[in-house]
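Note that the chains are named A, B, C, D, E and F in the order they appear, and that numbering of residues resets to 1 at the start of each chain.
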């Protein structure tokens, strides 16, 4: 299943190869996953996406492991099985315990339930939640 | 905007009142927000929803502040403005800094972008991401 | 809030007026709600949408009241407040009791929760659920 | 495809086994589908999810067959193929006719179309649809 | 994977066959794709869906190629892999270049990111964007 | 409604001011809309978002007007009223005719309908739509 071929290393343009080199160096791993091999047909989007991702997902105010857990939450709500699988693997690599994983899923499920109850009831936002 | 009236304290059934009492005691605050006042028309759902929420959002393997941040992420992806506002307020109350908030939004935005690129490209899941 | 003006009766084209006449006759009411007044700028879409709706939502194998309840469920999941409000009103007009309404919301909430748990876990479809 | 292994009966914890026993007794069938086998890694969520589902989907103001049809509608709108397949099977088991199934799909499709037209047009909610 | 069998030509009702004949004539191709073979169990929905599609996707104010690109955008945002694949094929058949395809994906990704940032921030609509 | 204050020009950091200057120069207009005023609390995300947007939405293989129409389609499917309003205004500014607008909405509605029918039926992707 795909709308484009996945490019092997030997099929990359010079610009795409440079991005792959940076992915490998940043992750300290030779493995480059299918998403980047699909995106490599368009070096401009490949480069922009990778650079944004690298800037956002690295160390900062939020623990990188927690960032992956947030990524899982968004990917589940958007119905993207590839993203769910790749970021669940990433979160585990970055130290997510099975206890944390189970709680993450419980929070996602709970939020999904109340999100839809709120929408069904047309609840208006409390003044207390408005920024002055 | 609403599909039901928001119930005031004096309009609650005995079962709904008991849930409101527990919300107030658990949160150590007299304020009960609009969601529960809309849900109070159906004491069974009110009670089940509150008990699930209390069980899931309390202390555990994940920091309660982080749980609220995950809740925001799901609520954004589901397009629920009420939920976004109420859980942003809750996350701040539980200690989310503005730096954490900005990073949270950046992660949500990034995940949204790659979720859709992956879906558009029909990328198949790497064997490496499959549980054996 | 709108991206087009809502047309009053005196601003309708002849084709749009014919559709409004049929809406009024079919519903046995003079009231034409905002959705049709926004759509009336494009008589072709107005006519096609109304005729499809009339064909689908009328009597058939499923009770019209239940059809409105299904419409609510879809509208909630799609995050359309207007649709939630208009079809909740329609379901009540067609006889939905408050007990049915509360159960409807509970089912929607439950489905939302398990939908996301299933997606998060990447559960593969049981052979038993596949049509031979 | 999965982010966790599906647990066989012999791999269940005592708490998970107790839930499986209740699923089997309630459904009067030995078959336990994949969703529960994935969820069984987390007995607390397994138990809570099953108990909520049992309470909500059983007899009440709405016919259990209709509840399954509503479940299908939500699952379709959330893009959950597993849920669509499992609840379509459940609805058929509970007596949904093919004529009802076809009408269900027509309503889901129609709602999806008008949901998006309304959102595109930014239609504001009629006063007539507001609860006083 | 399917909830109904895909009907072969020899299994079609007379009404469904007439629609298939029109699909073949309109597209000037003998190939009828799986969607129509699944929908053929319900000739009324088959006929209505095909006629709506034919009316909307043909020549008009917007180039048919661009209409397919918009169709891809909606299908991606709704998480429908089948639709993404079939309309990507259709857009290519109608002349979408690979450069256009790459830009389409970049726009979809960008919109997805800002859509979620806006929702997270609860930005209110500028007066300048309101129709008078 | 907002989770942060909208910043006025006098409240901007130096980095945010530089982005606002570029927005004004690029658009040849003094008006800076609310989205950027909300995002300005986080200059890094403000700058990254604006630079991505400027790169993607400018001239290229796809007409900028058509890009705005694709942006509308995604925003509608994601349920973002702000985005729908702002990009509908932008598309009109860039020359979208009312005839094109009406067709755009018809395509979005049609895609929404068939997206959900396909998901409900669990249609498997035709071999013809797979890239070799």
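Following the convention adopted for this analysis, a contact is a pair of C-beta atoms (placed from the backbone, for glycine too) under 8 Å apart; a residue touches a chain by one contact, two chains touch by 3 or more.
A quick note: this is a predicted structure, and the numbers were derived from the prediction, not measured.
> Using mean Cα positions as chain centres, tell me which chain lies farthest from subunit B.
Comparing chain centres, E lies farthest from subunit B.
> So how far apart, in whole Å, are subunit B and subunit E when each is placed at the average of its C-alpha atoms?
Result: the chain centres lie 33 Å from each other.
> Averaging only over C-alpha atoms, locate the centres of subunit C and subunit F and give their separation in whole Å.
Those two chain centres are 27 Å apart.
> Please list all residues of subunit B that touch 2 or more other chains.
As it turns out, subunit B has residues touching two or more other chains at 1-4, 44-45, 48-49, 52, 74, 76-81, 84-85, 88, 102, 105-106, 108-110, 112-117, 119-122, 125, 130.
> When you draw the chains as points and link the ones that touch, which shape shows up: line, ring, star, complete, or other?
Chain contacts: complete, every pair touches.
> List the residues on subunit D that touch subunit C in their complex, please.
Spelled out, the residues of subunit D in touch with subunit C are 1-4, 6, 31, 33-35, 38-39, 45, 49, 52-53, 56-57, 60-62, 66-67, 69-71, 73-78, 80-83, 85-89, 97, 99-100, 102-104, 106-108, 110-126, 128-130.
> Flag every residue of subunit B that touches subunit E in the complex, lowest number first.
Touch list, subunit B to subunit E: 72, 76-77, 79, 81, 84-85, 88, 105, 108-110, 112-117, 119-122.
> So in the complex, the part of subunit C that touches subunit B is made up of which residues?
The touching residues are 79, 81, 84-85, 88, 98, 102, 105-106, 109, 116.
> Which residues of subunit F touch subunit A in their complex?
1-5, 44, 48, 52, 55, 125, 130-132
> If you look only at subunit B, which of its residues touch subunit C in the complex?
It is residues 1, 3, 41-42, 44-45, 48-49, 74, 78-80 of subunit B that touch subunit C.
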